[in-house]
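Each of the two complexes below includes chain A, the first together with chain B, the second together with chain C.
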Partner chain A sequence: MNLRRILAVSYKEWREIVRDRLFLTLAFVVPAALMLVFGFGLTLDVEHLPFAVVDHDKSAASRDYLHRYIDSRYFDYRGDLESERDIARLLAASRIRLAIVIPPRFGERLAQGRAVAVQTLIDGTFPFRTSSSKGYVVAINSAYNGELLARYISDRMGVTLDAAMTMAQPVKVEMRYMFNQEIRSTWSIASVLVMFVLMITPPFLTALGVVREKENGSIYNIYASTVTRGEFLIGKLAPYVGISLLNFLILWLLATHLFGAPFKGDPLFFALASIIFVSCTTGIGLLVSLFVRTQVAAMMLTVVVTIVPSVLYSGLLVPIASMDPMGQFEAHLFPAMYYADIVLGSFLKGVGLDVLWGKALALALYAAVLWTASFLLFHKRPKA
Partner chain B sequence: MGQAAVVNDDALVVRVQDFVKRYRKRTAVEGVSLAIRRGEIYGLIGPDGAGKSSLMKAVAGVLAFEGGYIEIFGQTIDSEAAAERVKGRLGFMPQGLGLNLYPELSVEENIDFFAELREVPKAELQARKLRLLAMTRLEKFRDRAMKQLSGGMKQKLGLVCTLIHEPELIILDEPTTGVDPVSRRDFWAILTQLLRERGVTALVSTAYLDEAERFARMALLHGGRVLAEGTPEAILDEAPGSLVEFVAAPQMEALARLRARFANVEAVGGRIRVFVPDGQAQAALAEVRAQLDGLAVELATASIPSLEDAFIALLQRQRGENEEAPMVAGLKEDPPVGDGVAIEARGLVRDFDHFRAVDQVSFTVRQGEIFGLLGANGAGKTTVIKMLTGILPPTGGAGAVAGADMRHAGQAIKERIGYVSQAFSLYQDMTVRENLRLFARIYGVSRQNLDARIGRVVELARLGKVCNEIVGRLPMGIRQRLALASALVHGPRVLFLDEPTSGVDPIGRRRFWEILVHLARVEQVAILLTTHYMSEAEHCDHLALMYAGKVIADDTPQALKDALVREAGQVLDIAAEPVLPALEALEQTGLADAALFGRRIHVLAHDVTAATVRIRGILEGKGIRVEDIAPRAPTLEDVFVWRILERERAEVAR
Partner chain C sequence: MKFLDDDLRGRVGLWLWRFWAMMLKELIQLGRDSLLVFAITYLFLFDVYMAGNVGMNLKNAVVTVHDADHSAASRELIYRFQPPYFKLGGEMADGRAGQRLLDTGEALVVLDIPPRFEHDIQSGKPTAVQVQVDAANTVLGFLAASYSAQIIGQYGFDQALARLGVSASALENVPMIRDEHRVWYNPNQKDAWFMPLSELLVVITIMAIMLPAAAAVREKERGTIEQLLVTPLSPIQILLPKVVAMTLVILLGTAASILLVLHGVFDFPMKGSLALFFTVTALYAFTTSGLGIFISTLARNLAQAALLAILVLLPMIFLSGAWTPPEAMPAGLREAMVLSPLYYFIEMGYGILLKGAGLDILWDSLLGLALLGMTIFGLGVWRFRRQFG
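So, the complex of A and B:
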């Protein structure tokens, strides 16, 4: 290892990056922009579902029942419809996601103690939203049923309504949310986005940076000179690791200050784990660059190998535990999952090395494998 | 080995034996052997795809190969580790003008990067940098970003970067392609000086056959094989014969008669050149005259053939062919409509942001005329063509093409012209016939006429044998003829060709020119083409030399040369031994425009006799043996160089 040659390569690379406006934008504006776009746009809370009602009864009971939906923050009331015929049209136009039909003589039948069917039509195009909507409807409906029952008991047994409630629902769920007390998805999303952006941008920059030299032909300067493979790779990648660490700081500040995510963990451990992760993702970019010849191909391949695992196999959208065994296996193959655990652990759970050392080790191993593979695959005397 | 006699030192620097390079299943180089001695400039000459780059990369140790043996400084290059051992003594400049440099870095930063990479001691770097920058006249541009340099400057910077660690062997892949002739001369002068001062050995490739005289020894490559190897004289000896040149009328009749007898006949402007194999000068002249019995023949001369003639003769011998039938004359359907003005440009200007790419360009092309726009990459040739064809709106000026005003009638122009672009816009996955049908339909040829039109251009471009082949699998030369046929399928009266012959081998080029000459002479089509091959420019009836966006000379090739002789004097060709000290002696005595061409020196002089005496005196005074001093007809390159220098001198004076 010759430090002078490594520095020569790094210094050249750094100046090229800084002077190329487009590349500089790509390096610093894009990561922050991704964080902002996804941070504000990607909220997984299902709230404000637009809905409409058809009330054939128009009694006090039906109004009371419907108000439980209208007053909920999960639903946005969009008005009464004359008949069921309008529902299909509004659902198809996505003006509403849900419609509730109260049959005639709703109040009368309830007063007689007879069962009533309330028809609920839900837009089923997006299963995640549909199942949440269904959950809300079922919960509101069962709360209403509980109340009816309690009122009945209180009337028949002459106890207070509160006592009747306890008798009607003897087992109560006492819930306390840990780590994210208000279950605000922005907290978790902002912190996981640090992982997402650091998973995607360093490989892009690195792959473009290396392939650019191949595409231009300036890689022949390296091939033809006495700089060794290792010196070149270290020198070439150092600026990209540096840029990514700077981005890491920016992203961390955005997550804690703009999105208000708490940071409860050990900053030193988190910083070290992040350096390992960035070396790892830079290594992905390097490996990609060795298999392609053009910048366009490098972009395509990087999208495939980074976005897919970081979205699907990191626990960002779907918890790893709820995947099938094949999916879980694949998730363990990608570094995104380990770092997502480290991020969530550091931000929200306040745990550090004692708990997360295994994940950090997995990332270190991953980085070592990527860099070794790249070193072995990079040749100064290629076959074509 | 003694250091005094570097040039004649017989120690081998590079030895290549039965070299084979394959890319997957395609063989790029098949059994090449050559040896390069210490201190010589060795040339690899051949068209695109001949295998030059593969061989050079392998020698530079940056490309693995499949067969044979390469030895550099006695080190066998058979593995990556072995290659690493000699890289400290090598310098390699890959193909592509300035492509290996870093556009965002300044001239000095580029040099520093290469120096740091090569661990040039800090103390020496400063001195070396100064010397090389002075030599290449780049000192003034130290802080300028590389992307803002001209083509010639990029190429010189590339050379400086390759030399900064003082390698013993430099490998330069097509360093002069697309560079203007002045920069080319400059480049050769620098290389020659280095060779003289440091005993550097150089392996240089080129696609220009007219550069062959710059090399001490060379290999002509074609299709991955060596066609001939050795000194220029030795190669000429392999294809003995004479070159007969004359003016004959009617030209087409003379060409037809000669082609029936000789394999190697071409029309160059108004003249006809015939290569007569195995003939002594007088016998060859008599043979040609016999063929042309009854025609008016004037100004017939017989001389030593050029390397290009030898190359073609060798290729034809190797292929054992004269396979294609001579051109069928009289293909025309409709008689030509007079000889009116086909293209007119008046004061064309085009700006890109703050950069003036084309500055006040005016010229006229008549029907039936071959007009050449000659200039380096970036001189503004393509921009002129794009404006005339209605693709690019001009910033200023006016023009008319085929009777339509360029500014208002873009569509009408496009219907009346044929355009062959630099990249030959063909569809690679379709057959030749399918391509022709597509272009015919695009240009609105009616269904009834379709087959007749296609049949006509197929015959004209001699594509009969390959009609049903997929274009992507055809060699460059045939694709080029197909591109021409596609541009002709709707019967245009005006044809634009943008660098049509780049990368095509000499035989392909010659066939292409036969078709162009036929189109102009027989069918009276007006042809405007751009080229940076000086030798090709000789074919044109009329030339405009472009430099930095301006037309700096505009006349027939002969008139341009006559003007040079009138203004600057005759070209004197000097053969002296040893040649390098001779050049030095001439430069010291004030003959600044003395230039080395292979083993010969060229000087411009008004008074031939006086100059001969003076030069002889200078050289013999230094103990240099003068073998021959003779006036030589100037080439277009001489003209171009003179014109550019004249312009530079005028700018300095102002």
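So, the complex of A and C:
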């Protein structure tokens, strides 16, 4: 290892990057832009679900019940329908996501002290939206039932409505959201986005680096030079690691200052873990670049190993805990998951090395394997 | 008159022949890049398959209990936390241990039942159960909180009825709403009926933008564009075969993915017309390639093109509702969704395949896609022709 030769290779790569103005600009614009778009847009708070009503009763009681939905911010009232037959069409066209069918004699039966079945039809296309909608429906119904029961108790036992209310709902729930008090998606999402962006952009910056030299033939200058393969790889990657670390700093500032995500953890540990992660993801790009012969193939393979796992297997949207064993196994194959835990731990939970050392170790191993594989794959005397 | 016909036929024949030759060239070039073929196959088959193994449902979330009452009533409540949503993770002697379990992620929910819980319920005094939820992961936190509240609410309701002496058979004679919700199209809410198709439509989008962009930039970067320029081919004759070739690759991949993965592995219900689905896919892939062509005119090398493609692709996928439902988009972005061609494609993909809808219902999405797609494609072609100017 000769430091001067490494520096020479790095300097050459750096000049190339700086002279490609569009590339240099994009290297900083893409991460920041992704952070901004997803940070502002990516929420999972399902609200304003459009719904329609088939009210066969049209009584004061049925309107009172329906207003629980109409007045809720989770639902958007889109009007009354004549019959159940219209529901299918509206659901199929995604004009509504939910339809409520009030049976005839709804008010009358309740007044007589009898139970009534209310049908709710829910669009099941997007399972997460469906679970949320079901949750809202159950909550509205149980609140309404609590009131009905309270009135019933108060009538039958002759107690005041307030006392009856307690009897109807004897067990209260005190819900406490840990780490994210208002269960604000922005907080956890802004912090996990640091992972997401660092998983996608560094590999793309590096993926075309070596293969470009191979495809253009400029790699022969390296083959013919005294630079060893280790020196070449380190020198070649150093500028990209540098750019990615600068991006990491920008992303961290955006997450904490623009999106207001709290940072409770150990900054030193987080910075070190992030350096390991960035060398991991640049390593992914390098490996892809050594593996292929053409830039197009490098680009598509990078999509395969970055975008997909960082969306599906990082815990950004899809919780890993609820995957089936096959999914969990796949998630453990990608570095995204480990870093996502480190990010969440450092930002929201305020835990450090003592809890997260295992994840940091996994990342370090991952980086070591990637770099060793790259070293072994790169030859100055190519066979073909 | 006859002379003119012959001339016209000759010109059309020549045009088609050149088109065919160029398209073949693109397909051969792609086919010889074995790693590129591997990447494309992987995305269409394995990636879509892998998407079927994940989901956004709460499954076996660990509930740890601190039971300060140890009564029949508290045990009954605890045992209502059952799979598939929850899994009991044991009891703690001390309430403070819960915080540590949440820190390390060993528990998602910590349930705290107060002393004298049973006594309070039986004597009609209000009591409260504390639920602590790890909300660091919003999806899980939200669902766990919502289901816990449902379970405890139902428990309280049952206790109230029991105290009133209402038996299960007499429930009809209590004024209450019986909630009968039915889920359409995917009654068991299988994630495997959502994620793989959404992933397939995303993969189609990635290909439709990246493949033509790469095919066009590559010629510039390697200098082979000079060779093409000295041929009698017009810019359109250079461009169209590339786009059609990539569209064919995409259609082939989509067919394989639908047949082998969606139908073969996940038993996805193909309710609507497959012919309509493939027509829409062809229209989508063809028009969306306009974005790729546009990118290729801005970039001088593939590294630039790749970064530009990401800058366009990810927001476009995000605004389509493939990852989060449109109802979860903040105001402003909800409206911006009409600018993402994938938004219409997703609507139609699920509309046709899962809901069994036809053009009578989906015509407005098709119109939106056609108008937006044609604009995008026109823009791409205009830029492409200009760069030869």
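What we mean here is this: the second predicted complex is superposed on the first by the 380 of 384 C-alpha atoms of A that agree within 3 Å, B and C clash if a C-alpha of one lies under 4 Å from a C-alpha of the other, contacts with A are read in each partner's own complex, and residues count from 1 in each chain.
Convention: a residue touches a chain if its C-beta (ideal position, glycine included) is under 8 Å from a C-beta of that chain, and two chains touch if they have at least 3 such contacts.
Computed from a prediction, not measured in an experiment: that's the story for all the values here.
Of the two partner chains placed by superposition, A:357 touches none, neither chain B nor chain C.
Once the two complexes are laid over each other on the shared chain, residue contacts for A:217 go to chain B alone; chain C is not touched. Once the two complexes are laid over each other on the shared chain, residue contacts for A:188 go to chain C alone; chain B is not touched.
In the superposition on chain A, the chain among chain B and chain C reaching more residues of chain A is C.
With both structures placed on the common chain, the touch criterion links A:121 to chain C but leaves chain B unconnected. After overlaying the two complexes on the shared chain, residue contacts for A:307 are found with chain C alone; chain B is out of touch. Of the two partner chains placed by the overlay, only chain B lies in contact with A:19; chain C stays clear of it. Common to the chain B and chain C interfaces on chain A are residues 20, 216. Across the complex, chain B is touched by residues 2, 4-5, 7-9, 11-12, 15-16, 19-20, 216-218, 220-228, 379-384 of chain A. Contact residues on chain B toward chain A in their complex (touch as defined above): 23-24, 57, 60-64, 79-80, 83-84, 87-88, 90-92, 94-96, 99-102, 104-105, 109, 113-114, 116-119, 145, 161.
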